[in-house]
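Structures for review follow.
In what follows, subunit A forms one complex with subunit B and a second complex with subunit C.
So, the complex of A and B:
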């Protein structure tokens, strides 16, 4: 074991465990007042009129009239307003804020706002979007983006094929279910506006404030507060409450707190994209897979948000861990009048790997082959090219990963035994997660930099990476202190404040240790050389590695700077009376390079697996006429501690060539492979193909053959 | 704004109940959710509130040779910790909600909330539980199934408080409980079955079965019970098909956010079959 992997006590541990941490809802600056969001109750309409009641003294309405510059939430496209002006496109779209000192009075004002809508026929699903006609939601087409890429000679291979195996899969919404809802406090001193809150990406909020206010960055400050979970749900979404709170503070000249209630949070914040994915494999006369046709459709919701980027990850991942020479891949992110879909741990990967892994399982079943051995035949290796024709420069140890997971779970003998034992099943999945931003995004869009400062014997880290429970306040200290070879308590690191932290990029995409950690290591190496100097600082910016290539027009080259790899096995038994899935065990093996802290890594693995388990078999979230039906924790069912099965995880040692101390990204991959492994196990147990997740006992009842 | 009353005694509580239109508040685990409002503002109670959860005189479990009388403010946790209570009565209670809910929630609250998914109710129906309600002028006693009249409605009058729940102090040769929730803890039931039976010399001498979440109230299967009582164990296999048809006729499940009508029917029948065919044999 590497020395750096040895666990230490987390630096955020004591404050959180003793209840001392001040989360945004606990934060009450003097003179603070409250804001509440008035939202659309219809999924698509023109706003004909809006009547406000008389406001008592000290109460304000904040709406689009209060935006000094652009009424736009900057994400990828400029289509989403900060406040609706004359139309609404989803249930929960913000129209205005009611701001004032007493919550009771705010509620009274909210109840006395009357609004008249002229309803427009809404588009409420991928299927409806595919066949809809004008008026469109987004420009003059039913989708935000559609993509296509090719590899090899697809048409020739199709002509050569002797057999075609095809499948279609559906996946549902998923809610991030962070414990702390979206929360912001904004203050304004007449010159600078400061937004403090629960967030993943302080500089996304800085950018959103710059766009809405038209102000210079020197008048904008964003600080992360201790944050109660994020999981992607606090990537792009907090720009909306962040700007809202800032506008309210500027108008009222008082500190303003904006904290969502749970129901509001579930209804209005971003969700994982529902998908429909079809895959066709073409086989030659020797039953070799020679070509593959993949079509990914996502429900992006009412505004473009991050759908284009999620779709890219989805279509790259949908080819799986397999070297199939000839590919034709399409993807479409549709515009619908549902809640806006967005970032969620895995970011398009969980949908894609669910589909490709179920498809591989179904091919193995049709060819009567062992499901892991069939997959193994096509595993990508060092020197192969990816789905986007980027060369895999580093060693890929999928063989070893597969061997480990087979041995740990006793996969082969159980698989055979369950063929004759009713209602028992075991399934596997093989998957990867591309770490960091897509293609050259890291160098071209993000341009991350980091700063470290030496003051006598004390070192301080300044990065915009956020602590969202994943351990960044600990792992970054470890990277810096280990590089400098000094005791870790001399290294200081606080929650980010845009005033003194450069933009190190968002805390997303399993990139923080890999990219930001590496930049800090580079700084520390430089600092070590100049150790005799008493006080100085070093700023380091990202440089795109010279061995990588990417063409974003045709999606050709190295889609990601590095990859983490994994395999899961899930064993289930179906209750014959209730059709409930009893998960007997989950086995998980990963190559995440060298772990920076064993316990933090284990926490990420087990947490990710449980979230993947919820996605696979519990977390039903349906939009009915544009409204989510499960909007409380009574109806939106995430696993409780009693629902967590035994989890056996293991890491294989294969150091990254670019990450600090050989580490790769880890945050997302544990979620990615659970659903297909579980679904394959259920499929064996009931003998019926599973084509959608989550798999409920109600579904199993329909499919089960007793 | 609503008024809150915190009486010092049951008698005072009954007088407040008589003189005011109040909602009785036991542990609050249902009403605090039902009337919740924006975090940081008071719950939006529709009327004045009478708190009784603190009343010591209703906080005891009195046990005689024949009966167990559970006071209205006895929490589930108190019931579970009481070693005098037969283990089969604890099985449904230990699966209710979470530790926090079991520390605050009460039988009386679960009964007066009168949800068909109430987790104490199938057991109380099967045990022929009685409820005692009191007012300033006296008390009335009801069989549980007569007391609950529909989803959310009971016979409780505006001047009455449910004070005690009476169940027999008895053990049975067989007992069975299965709650199918949306997960293993902190879940509302999709379907649940509580059953008890006495089998003596291979003959069923008593049997009682109640089903939750499969109709507007919990459903007691008295026709089925009558058909089975007196039967030989060896006859059950032959009877099972007609028994399950009777059950199917009796239950009226619906589709909702938690489950489907067809799932509830099928699982209710499966559970009853499991009890009659597997459990009774053991």
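So, the complex of A and C:
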């Protein structure tokens, strides 16, 4: 085991275990008042009129009139307003804020706002968007983006094919369900506005404030507070409450707190994209897969948000861990009048791997082959090209990963045994997660930099990466102190404050250890050389590795700077009376390079797997006429301690060539492969194909009766 | 109305509306920030406190029913020896990630161990059923409680 992997006590542990950590809802600056968001109750309409009740003294309305510069939430496109002006496009779209000292009075005011809508025919699903006759939501087309890419000679291979195997899969919404809802506090001192809150990406909020206020960055400050979970849900979304709270603070000249209640949070914040994915495999006379046609459709909701980038990850991942020479891959992110879809751990990967892994399973079934051995035949290897024709430069150890997971779970003998044992099944999945931004995004879009400072024997880290429970306040100290070979207690690191932390990029995309950690390591190496100097600082910016290349126009080249790999096995038994799935065990093997802290890694793995389990079989979340039907923790069911099967995980050792100490990204991959492994197991147990997730007892009942 | 109760072994008296939730009174009037609101409907356990020694969701308790009761929050509990055992158990087991659920789990562990000082893993799983954690996947919390029971042998 590497020295660095040895676990240490987390630096955020004491505050949290003692209940002393001040999360945003716990923070009460002097003179603070409250804000609440008044939202659209219809999925699509023109606003004809809006009547406000008289406001008691000390109460304010904040709406689009209060935005000094642009009424735009900057994400990828500029289609989403900070506040609706004369139309609304989804249920929950913010129209205005009511601000004032007493929550009860705020609610009274909200209840007395009357609004007159002229309803427009909404578009409420991917299917409706595809065939839509209603007026379009986005730029005269039914979708935000559509992409395609090719590899090899697809048409020729299709002509050569002797057999086609095709499947279509559907995946549902998933809610991040961080335990702390979206929360922001803004203060304004007459010159600078300061937003403190629950977030993943302080500089996304800085940017959103710059756009809305038109102010220079020197008048804007964003500070992360201890954050009660995020999982992607605090990536792009917090720009909205962040700007809202800031506008309210500027108008009222008082500190303003904006905390969502749970129902509001579920209804209005971003979700994992629902998808429909179809895959066709073309086989030759020897039953070799020679070509594949993949079509990914996502429901992006009412505004473009991050749908374009989620879709990119999805269409790259949909080819799976397999080297199929000839590919034709398309993807479309549709505009609908549903809640805006966005970032969620895995970012398009879970949908894609569910589809491709089920499809591989189905091919194995049709060819009567062992499901892992069929997959193994096509595993990508070092030197192969990826689906986007980038060379895999580093060793890929999928064979080893597969062997380990087979051995740990006793896959083969159970698989055989369950063929004749009713309602029992075991399934597997093989998957990867690309670490870092897509293509050359790290160099071209993010341009991350980091700063470390030496003051006598004390070192301080300044980065914009956030502590969202994943351990960044501990792992970054470990990287720096191990590089400098000094005791870790001489290294200091705090929650990010845009005032003194450069933009190291958002805390997303399994990039923090790999990219930011590496930059810190580079700084520390430099610092070590100059160790005799008493005080100085080093700033380091990212340089795109020279062995990688990427063309974003045709999606050609190395889609990611690095990859983590994994395999899951899930064993289930179906309850013959209730049709509920009893998960007997989950086995997981990953190549995440060298772990920076064993315990933190284990926590990410188990937490991710359980979230994946929820995605696969519990977390039903449906939009009915644009409104989410499950919007409380009573109706939206996330796993509790009683739902947890035994989880056995293991890491294989294959150091990254670019990450610090050989580490790669880890945050997302544990969620990615659970659903397909579980669905494959259910499929064996009931003998009918599973084509959607989450898998409910009703689905199984239908399957079993056949 | 005026409500008198004992908070962390000190008498307190608050002037509140009778429909107020214990959660709000604890957070807003008595600055008990360890008591978190995760759902407001009794599903997540983030707002757990001990009421006369029993684990309750303070978001479901009307303040009127607290009159004369003993309420223990983490602010009080963290001064005890038992807490030290739980703290150590959670530390070595990696039971804390984002930490938002943590105060609730610490009190759930206390409630469980004072009822059953030697629970099995399964009993721990059952004992913390009412507390949601979205980060850890629970196993490392269960391990933390099992560890705490060893460290704190004789305390419960």
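Odds and ends about this structure:
Going forward, the second predicted complex is superposed on the first by the 703 of 706 C-alpha atoms of A that agree within 3 Å, B and C clash if a C-alpha of one lies under 4 Å from a C-alpha of the other, contacts with A are read in each partner's own complex, and residues count from 1 in each chain.
Just so we're on the same page, a contact is a pair of C-beta atoms (placed from the backbone, for glycine too) under 8 Å apart; a residue touches a chain by one contact, two chains touch by 3 or more.
Being a predicted model, the structure only gives us computed values, none of them experimental.
In the superposition on chain A, A:261 contacts both subunit B and subunit C.
Of the two partner chains placed by the overlay, only subunit B lies in contact with A:697; subunit C stays clear of it.
Of the two partner chains placed by the overlay, only subunit B lies in contact with A:629; subunit C stays clear of it.
Once the two complexes are laid over each other on the shared chain, residue contacts for A:231 go to subunit C alone; subunit B is not touched. In the superposed model, A:23 makes contact with subunit C only, not with subunit B.
Contacts of A:12 after superposition: subunit C is touched, whereas subunit B is not reached.
Look at A:107: by the touch rule set out above, it reaches subunit B but stays clear of subunit C. In the superposed model, A:641 lies in contact with both subunit B and subunit C.
Among subunit B and subunit C, the chain that touches a larger number of residues in subunit A is C.
Common to the subunit B and subunit C contact sets on subunit A are residues 25, 261, 634, 639-642. Listed in rising order, the residues of subunit B touching subunit A in the complex are 33, 37-41, 98, 178, 180, 182-188, 257-260, 262-263, 266-267, 270-271, 273-274.
For subunit A in complex with subunit B, the residues that touch the partner chain are 25, 34, 36, 103-104, 106-107, 259, 261, 576-580, 618, 629-630, 634-635, 637, 639-643, 697-698, 701.
For subunit C in complex with subunit A, the touching residues are 27, 33-34, 36-41, 43-44, 46, 73-75, 78, 87, 90-91, 94, 96-103, 106, 124-126, 128-142. The touching residues of subunit A, when paired with subunit C in their complex, are 7, 9-10, 12-13, 15-23, 25-26, 176-181, 226-231, 261-262, 468-471, 599-600, 602-603, 606-611, 632-634, 638-642, 644, 647.
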